[in-house]
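In what follows, subunit A forms one complex with subunit B and a second complex with subunit C.
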Partner chain A sequence: MAEAARLAMARTESVPVPASVPESASGSAPGVAGRWWSARRRERLTQVGFLLPAVLYLGAFFGYPVVKNVVMGFQHYTTATFYTGAAPWVGFANYLAVTGSAVFGRAVLNTVLFTVGSIAGQFTIGLAIAVFFHRRFPLGGMLRSLLLLPWLIPLIVSSAVWRWILDEDNGVLNRSLGGAHLPWLTSTSLALLAVVLVNIWIGIPFNTTILYGGLQDIPQELYEAAAMDGATGLRAFRYVTWPLLRPVVTVVLVLGVVYTLKVLDIILGLTNAGPANATQTLATQSYQLSFQRFDFGQGAALGNILIVVSLLFAVGYLRASRRAVQS
Partner chain B sequence: MAQRRAVLATVLALAATIGLSGCGGGTGAGAGGPVTSLRVLDYYNNEPDTTIYAQTLDACGKQNGVTIDREVVPGAALIAKVLQQASSRTLPDVLMLDNPDLQQIAATGALAPISDFGLSSAGYADAVTAASTYQGAVYGLQPVANTIALFYNKDVLAKAGVAPPTTWDELKAAASRLTAGGRYGVAFSAAATYEGTWQFLPFMWSNGGDEKNITTPEVAQALQLWVDLVSSGSASRSVVTWDQADVREQFVAGNAAMMVNGPWQLPVLKQNPNLHYGVVPIPVPRAGEAPVAPLGGETWTIPRTGDTARQAKAAKIVECLNSDANQQSLATQRDTVPTRTSLDAAFAAQDPEMATFVSAVQGSRARTGELGPDWPKTATKIYTAIQTALTGSAPPPAALRQAQDG
Partner chain C sequence: MTRAVAGRGAVAGRGGVERRGWGATAVGVLLLAVMLFPVYWMVNVSLQPSGSAVATPWIPLHLSLHGYATALTQQGGHLLTSLLVAAGSVVFSLLVATPAAYALAHFRVRGAGVVLFGTLLSQMVPAIVVANALYGAYAVLGLLNSVPGLILADSTAGIPFAILIIRAFLGAIPVEVVEAARVDGAGQIRAFVSIVLPMSRNALVTAALFTFLCTWSDFLFALTLTTTEAVRPVTLGLFQYLGSYVSDWSSVMATAVLASIPAVVLLLVAQRYVSAGVTGGAVK
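Entry: the complex of A and B
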């Protein structure tokens, strides 16, 4: 807002300069106009100076990789490219190859199921736990910090442990289900569900933490006022908590989607995207194309598709957070 | 407006300068001057391999008047590291590669043929030479090799009165008879990784299957054998998630009476004094046939660093690692097989446990022998077909056809 105002002011200030006089001439000419110009220029330089570090950082660490990845998607980029630098332009051949492969449809469907399932589970359980801990009770703080544990364990470790838990023959889960032989990770119909369940477990701390923070921001007086009007329990949640938590909810959901779309290590650790591609997602497929089959062009093409999907959600996030600031 | 464009141009120019200066450095030590140390890169990051190679490399360095500056990375990170070094022209003087990766890296042009330094792979097992050859030139020397065979629990087999199987029919019968209670007859890895493909190859190759066309009846029959073992309950359905270390754990824990695995598991097996195991070749389709197992192990190469003096010294180190004495000592210490065939007889006599692996390596085949750098693509298709068939999604011939077309 302030930025726009300053720009508008700058535009009106430049009106007094006669249209016939070139800018360079007015700059070198002595007098009131000249001094006024140099002051303005100095201010501009300061602004640029403050902007420069951020622009350089964004350009080097975000702009370059994204542009490189987009370009790579149109190239025949192999191991040889790393040494020779030769990467022939192939147009949309990589995109046609990855979208035309038999695995693609499966991977898209799995990505959607994995993302929707994970987010639904993480959010519902996360919100329930956040609301529960919002009430004060003995040891509440300690229990709440224990909840963060899944977040603190390296993903590769938790996926190894879950592989033991979910083992068909000797896993703890099947044993505690009374010796059931549920093929959690070995059947094509259950593996995706198992992977989603593990990802829900990992995502709960994130959802709980952010939502708990949102709940803390809701003034206690509102609940007291609502109680006077007869709204307690579920009604209080429906008419006080939920509307006021909405901006935070949007942020949690959009960030959750972006984080879930790119999940790689959990799936690779649990099933290696198997059995028979049952847990293959766009992210795992992109990884395998690039780093196991060394077809970096196709891997990049698939990665770009994933980036575009994430970008759509990121735009949604920006709009949602702007709305949250305004309200 | 013009001003803003000028500012943008300055920013871009600055970014470009920084970017360029970031990539410019480190183009090797330059030619000339005596060579006092050599950079070596390998992936032996576990004991006892780390120490064994450290000692061998240091001894070779001493012999050639250089110190060894060794870098060890985890196995999974090696190729990424090599590609990064190839693009920044910072490849080490001596580079170790897993043998199926050699052609992939040689195809980039980053490696020098060993004949440039007067070395040759004459006298090595055929598969070893094939694995280190790309388009007619040999790019690496592999001092020791491994492969896979069938391990069996002597006590369990004796109790059940079952002899170690030699043919597919015997394997099915033995596995079925040995399955009891919580124990499976046999364990193998059918993971959705190259490990699954690697374990399937001896069955596929021994039956006359070929990676150039995986839709043949020979490949389908081999896959049917695995499907039979799993669907009859002689092998766990979990084989589709097990890697070879998982398979070993099942065997050590007594959950499997037999397993397909390699000699690198021997140190762990020896730590269990109550486990009495034997090793026999992988069963073949019909009695009297010779099994064809895939060649495993790492090859040592000389990257083109642009400094002839350093490359010549590097070749000396590779030659030293492959000397008769070092092949023997590496093989003995690491439970692997010397690759120079003249050493085989003495080595097999000295260690009967390794005799099975010695003959298996002699008759082995290189994974990249036929397809070269295209091998990863087919290897992916093979493990996809294995998984499709073992999970019951499609019968073997259809599973192989789907994978071939996909």
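Entry: the complex of A and C
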């Protein structure tokens, strides 16, 4: 790197100096050593310049919001704040109000059920489909890629479609069930299950694609060796596929959890967090506190709780991906 | 890349990779039919004369474009807004992410590790948290109900993803290629523009496609950072259909079909970039 920089510098000396060159480069520093140093400095500045826009953006659109949310969590921050600029300090009052509310327990339970249910379904079915596609067959590649469609269309589109499919009176699901009148989205006992089922449908393609990639990376020779030892079929899966797929599995699961924790679109589109908070999660509750009740302080407090949960999984993700890189 | 090679090696190696026959294809088609049924149903309902209270027929026997007519009249402007915001976000995301990805892959700048870590962490920040803080800031800056405001906010999905996927790709470009250009007198920036960028076309296309799709699908920022009809993406337009009692499902589904066009086009036209994007963004 340094060698290249010096050579580049040697070349530029013979050509006219560009107008934008800093003064130190063209003048004051005498001698080869000085010029060499300033060239390095210019090089460094250019390198930092490559990173700068991204750093500024990440700071403004991730750093600032996170810090601001921590501060807002301790403030009485409402619509009035936008007019008066006053956001009185209230200590932990927002956190107490949020965690003490009747909805909180329900939201925590729903978040856990929604996340665990979605991930379990997506992963199991996704893995089964990945294993199915792992062995080649005519048109397999094309079918596998078309399978991605549910994951690529906007979440709000999916929820609109499923709203009509799950409709109590005219939905095609109830009609297929022999004219049953199951109130999928309007009963407090079925709504969460329905939302989980829709989210499983959305997440299967992602799980299939990543796990399929992981399966492709397992050397065929290992299966041949295992077959010689008598391990085929399920035993081969248990002793060859599963151990070698583990790093990918960890990544898929942790990414899935992190994505699922913050899902809002599907729930708002399907049930609007109802009926009677039956599908209320931490994310939807945070949205409603801020943007429907305009208590941004409480919304921020709940958002911060969500971040802490996500961060715990982020740590898991980073450790998992490091292990995936090492292996 | 290694994946493709490994796959091919396994096939060429011997007849050992058991191939399934057309029976497996039949199972695959059945599987796909089940998985894509909701998509079919969306198209079916959108083509019905009036998908209202009566049960929708299994196939659109009486083709009607009335749903699309209504959708285009009511949501045409929203579709254009979505297009504008998504295109703007792609340009902005790539402008910000590509140089950073290059720097992270090839320079030994102090703090590069921190930037990379921050990029990974940023993907864990829920959008609702970002929206919660941005709302106040946007109100002060006059960015609520504006296209630039949405472009900036929507890029929170595009930029970290683009940095990660482009960086993973650029890491594979040999340092010598860039250094050769430098020796020939090209400055850092010229080497980047005339050597690195053309070589990384595939990564740029993948990042652009996924940024477009993410932004086009954005719902939360549209919901929180717009308050009037002035700037309204189609996702929010669709949500508002759902907000009230829906009496005309064929218009709703026609809007849904129109909002799905980018995903379908991407899948059919840019297939090879899609899998690269899904796997690359997640594992690398």
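Brief remarks follow.
The criterion applied here is as follows: the second predicted complex is superposed on the first by the 267 of 327 C-alpha atoms of A that agree within 3 Å, B and C clash if a C-alpha of one lies under 4 Å from a C-alpha of the other, contacts with A are read in each partner's own complex, and residues count from 1 in each chain.
Rule of thumb we're sticking to: a contact is a pair of C-beta atoms (placed from the backbone, for glycine too) under 8 Å apart; a residue touches a chain by one contact, two chains touch by 3 or more.
Small disclaimer: the values here were computed from a predicted structure and weren't measured.
Per the definitions stated earlier, placing subunit B and subunit C onto a shared subunit A by superposition produces a clash between them. In the superposed model, A:102 lies in contact with subunit B only, and not with subunit C. In the superposed pair of complexes, A:292 makes contact with subunit B only, with no contact to subunit C. By the touch criterion stated above, A:183 is placed in contact with subunit B alone, subunit C being left untouched. With both structures placed on the common chain, the touch criterion links A:257 to neither subunit B nor subunit C. In the superposition on chain A, contact is made by A:155 with subunit C only, not with subunit B. Contacts of A:64 after superposition: both subunit B and subunit C are touched. By the document's definition of touching, neither partner reaches A:200: not subunit B, not subunit C.
By the touch criterion defined above, A:84 reaches subunit B but does not reach subunit C.
In the superposition on chain A, A:271 makes contact with subunit B only, while subunit C stays out of contact range. The larger set of touched subunit A residues comes from C, when the choice is between subunit B and subunit C. Looking at subunit A, you'll find residues 44, 48, 55, 64, 82, 163, 169-170, 272, 291 touch subunit B in one structure and subunit C in the other. Put simply, subunit C touches subunit A in their complex at residues 2-3, 6-7, 9-11, 13, 16-22, 24-25, 27-29, 31-32, 35-36, 38-39, 41-42, 45, 51, 53-56, 95-97, 99-100, 102-104, 107-109, 111-112, 115, 118-137, 139, 152-153, 155-156, 159-160, 163, 175, 179, 182-189, 192, 213, 216-217, 219-220, 223-224, 235, 238-239, 241-243, 246, 249, 252-253, 255-256, 259-260, 263-264, 266-267, 271, 274-275, 278-279, 282-283. Of all residues in subunit A, only 1, 4-5, 7-8, 11-12, 15, 43-44, 46-51, 53-55, 57-58, 61-66, 68-69, 72, 77, 81-82, 129, 132-133, 135-140, 143-150, 152-165, 169-170, 172, 175, 201, 204-206, 209-210, 213, 216-217, 219-220, 224, 248, 251-252, 255, 258, 261-262, 264-265, 268-269, 272, 283, 286-287, 290-291, 296, 299-300, 303-304, 306-307, 310-311, 313-314, 317-318, 321, 324 touch subunit C in the complex they form. Chain contact summary for the complex, subunit A toward subunit B: residues 23, 44, 48, 52, 55-56, 59-60, 64, 79-80, 82-85, 101-103, 163, 167-170, 183, 185-188, 271-278, 288, 291-294.
Taken together, the subunit B residues at the contact with subunit A in this complex read 2-3, 7, 11, 14-15, 18-19, 79-80, 83-84, 86-87, 104-105, 107-110, 182, 191-194, 236-238, 240-241, 255, 373, 376-377, 380, 384, 387-388, 390-391, 393, 402, 405-406.
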